[in-house]
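Quick one: this structure, given as structure tokens, is what I'll be asking you about.
Chain IDs A, B and C follow the sequence of writing; residue 1 opens each chain.
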Amino acid sequence: MSFNIFKINEDLKEFMPPEIVDLEEKATWGNPKRGVMDLPYSKELLEEHSLCAGCPESAAFRYILASLPNPEETIIVNSTGCTSLVFPHIALHTVHSLFGNQNAIASGIKRVLEWRFPDKVKDVIVLAGDGATVDIGLDCTLQSFFRQEKITTICFDNEVYANTGGQESGLTVKGHVFKMAPKGKQWDKVPIWQIAIDSGCHYVARLTVSSPKKVEKVIKQAIYVAREVGPTYVHLYTPCILEIGLNSDDGLEEMRRTDKERFKFFEYMTDEAKEVIQRKKEEGLI
Amino acid sequence: MSQPKRRRINVRMPAIGGQGAVTAAHIMATAADYAGYHAVSNPFFGAEKRMAPAESYVRIGIEPIYDRGEVVYPDVIMVFHSQVITMGKSYTMPFYSGIKKNGLIIINTEEDLLTERDHEYLESLNVKVFNFSATKFALDHAGTELSTNMAMLGAFFGITQIVGMDAVEEGIKARFLKKFVASGGTMSLDSAIERKFKKKLELIEKNIATAKASYELGQEWARQQGMESWLPSPKEVARV
Amino acid sequence: MQKTQQVQYNRAGQRVVSPEYLLFEAPREKQFMTGSEVVKEAVKRSSVDASVSYPITPQSEAAHMIGELWVEGYVGVYFRGESEFGVMSEVAGCSMAGARTVTTTSGPGTLRAMENFPMWAGSRLPIQLVLMARGVNTPLSIQPDNLEISFLLDTGCMIWHAENAQELFDMIIAGFVVAEQPDVHVPIITAIDGFFISHTREAVNIPPDDIALPPYNPYKSPLVPIDMEMSPGRFLRDPYVMKSNYISYAAHTSWQYEVRAAIERSRPYAKHYLRGLIEEFGDPEGEIVFVASGTAGAQAKEATQIMIHEEGIKARVVRIKTLRPFPYQELLQAVQGAKYIFVPEFNVIGWLEREVRRALYGNVDIPVIGSPRVAGGMTMPPEFIVKEVLEYLGKEVKHVI
């Protein structure tokens, strides 16, 4: 390990589970060119994470954590829901405070860090579910876009409130029967990726997590643009296999299917964002 | 007839929005503070709108003042606009409700606006009424009715004789020279009056001239009424 | 790691002095100002790093003026948030990132922000909230009424209640100092009764503006600050929701106790910097004792003067400065010899009466009378307090009008 971020006390090492030791010994930090290709050899998320077996969110987590260009100086702000269950299991600064205030917390953190450490690069990333991003937290989400906060917002869209037992959310598709929508959802899925564009995001992408390489590219682009230009938004379809009645090994198939229709890859960038992405490509960082 | 020595004067200023009653209250308190008294001023706590009822309050005393909020039992009521009486633009009805014995009412008017019953009631409490046209005074001395509040202020200090013109001048200067927290509405009035006078100092001069003239008028009236200073001077208090 | 050597000047170029010097020793000059202006002056001398604002009467003026301080370079980060809920989360983010943080709110704003306050406390963020209490809906009121303080009592924040602009000035400065003690490190709410303080102009003595508190040192926090200058390790701020077992229950419970214990540990600091958790006023022999806080304390003082000088009744006031921690011992001692305890309040429910009853129950046998009580913007004239007391005692009411 090249970077002293996560260290286990030498005297206790023999008692630690091997996968925790792996977190330290096989970490890939300190290298902005790290990415999903490290995953077969390294580890960012414990096997005992709190998500369901086969949950596409856990795959998304692995890809994102492996792709962060600057993990040692990155703070992830999360929200309540399935996603919040994972964070205690990763070797990163994470904040959970309330349900729906993630972009407000991130705004405060980013602004103060920029002021306190003007010479350092510190990435602040919001990672929350669809309920947190689009329902209870919509105000804070959009207002952070309006204010041009330099943060990356990633939404794990599983189209349902999964952690509370499967209730309709703003990102549920019209007609789908979930709890609290016993007659089927009466209105359309919120086109949050489009709203993000209209609200001032400089880079917006919508995709599933079926392709690790694509996730890596999008995450890196979003983070680099947020650093220099302004808010960026990444919308990831991570289906809730439990609530839509799929088996543990069906998640990937579901995403591949929707890759061709509802979640066909979509990307938007402003000219300023394009310039940053081009430069980072030339530097070999994307 | 001389009135009993007070330890405190509570002043209520019913006015209508835009007349500068809040400014007058702040200057009054600043002047009293300058002269060595304890003083506190505050506006009515509500949404103030131009031409709607507006009120402000001042408490002046020879001991520390803890009391705050609206003045429910005033010693002095200063009516800035005839509509306070004629149209009931007042937070209390009648406008003199709560007036204390031996109190004083100053009304900006050219004619007597009170009914016979009003006079009877006020006389029963030995409350004196001083009618004078502060608006006309402002027009005559400052050339704008925006200085009405200065005329009212001068009359108050002239009658009560608790501070000299030096303190009144100091209060006016403090208000217009220092950076002052004002509402948007007050700021636009300030800039209107400043445009009128072009220069801030000219504005201050005119305001002082207005206050001085009404101070002398009030002083003369108080002498005719046989009034003495309404509060012991802070120096006297210090000696005791 | 940041060097621990003494800082001479803060980022605004003010000379750094000890809290003791700033609060007790520095020469002071008399200024004539409103409670809102006093907030600006206190923040200006407190080396504040960040503030987020939102408009609501009567706190807006104070929030505007913190913005002016930002323009002048005295505050590092400042912006208008989207709502009080957003603002209280934004200041939480600022505090987590290692900033000394202040914000202001009133009435409905407090209630909208409510979910954040226990989060601040649980996250051990020493944020200062200057609360200018006003009525809460419905019906709509923008007038002074301090019902909202009742809702805040058990959020895990320290709560102090200032009587006037002078005390507000001193409490804001002392608030940062006490809240940031490593063994305290919880939020501080410095409350005043809106309008009665915020919009009232009075004499205030303040030290010069070229000196200020030592800057906040986030590395003294009992929890790791999120500023990435320290190794994160497996760092957990989440509740242990992912494990529904006894360990998670115990962790949650013990942390709740720890937050309250932290407030308890603030007592000696508050006592020192506020010169006592209570103030006693009036005739020490007084058999009529008013127990009050904030503006009700001020009104009770006036009433006491009238009772002593004009009614020949021995009376006194015990004014509570700190609602959290509540001064149990001090109150118990102060009410010795009382025949009646009156608790005047600016709200309909009488939250202070409840607190007083709880503190005294089983300890003394003195009747506690939750009166007078006004709300919705009413003032509480001292004459009215005297009348209530005289009527209760069955005495003739003569002096009032």
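One rule holds in what follows: contacts are C-beta pairs under 8 Å (C-beta built on N, C-alpha and C of every residue); 3 or more make two chains touch, one makes a residue touch a chain.
Since this is a predicted model, take the numbers as computed values, not measurements.
Between subunit A and subunit B, the least number of touching-chain steps is 2.
Seen from the Cα centre of subunit A, the chain whose own Cα centre is farthest off is B.
Comparing chain C-alpha centroids with the centroid of the full set of protein C-alpha atoms picks out C as the closest.
More contacting C-beta pairs link the chains of A-C than the other of the two pairs A-C and B-C. With centres defined as mean CA coordinates, subunit B is found 64 Å away from subunit A. With centres taken as mean Cα positions, subunit C sits 39 Å from subunit A. Remark: subunit B and subunit C have CA centroids separated by 34 Å (rounded to whole angstrom). Chain contact summary for the complex, subunit B toward subunit C: residues 26, 29-30, 33, 38-43, 45-47, 63, 65-70, 72-73, 98, 100, 174, 181. Looking at the complex, you find that subunit C touches subunit A at residues 49-50, 52, 76-77, 79, 81-83, 85-87, 89-99, 115-116, 119, 123, 226-229, 231-242. Subunit A meets subunit C in the complex at residues 4-7, 50, 72-75, 77, 84-85, 87-98, 101, 104-113, 115-117, 120, 122, 139-140, 143, 147. Subunit C contributes residues 32, 34, 36-37, 57-58, 61, 65, 142-144, 163-164, 194-197, 199-203, 295, 298-299, 301-302, 305, 377, 379-384, 400-401 to its touches with subunit B in the complex.
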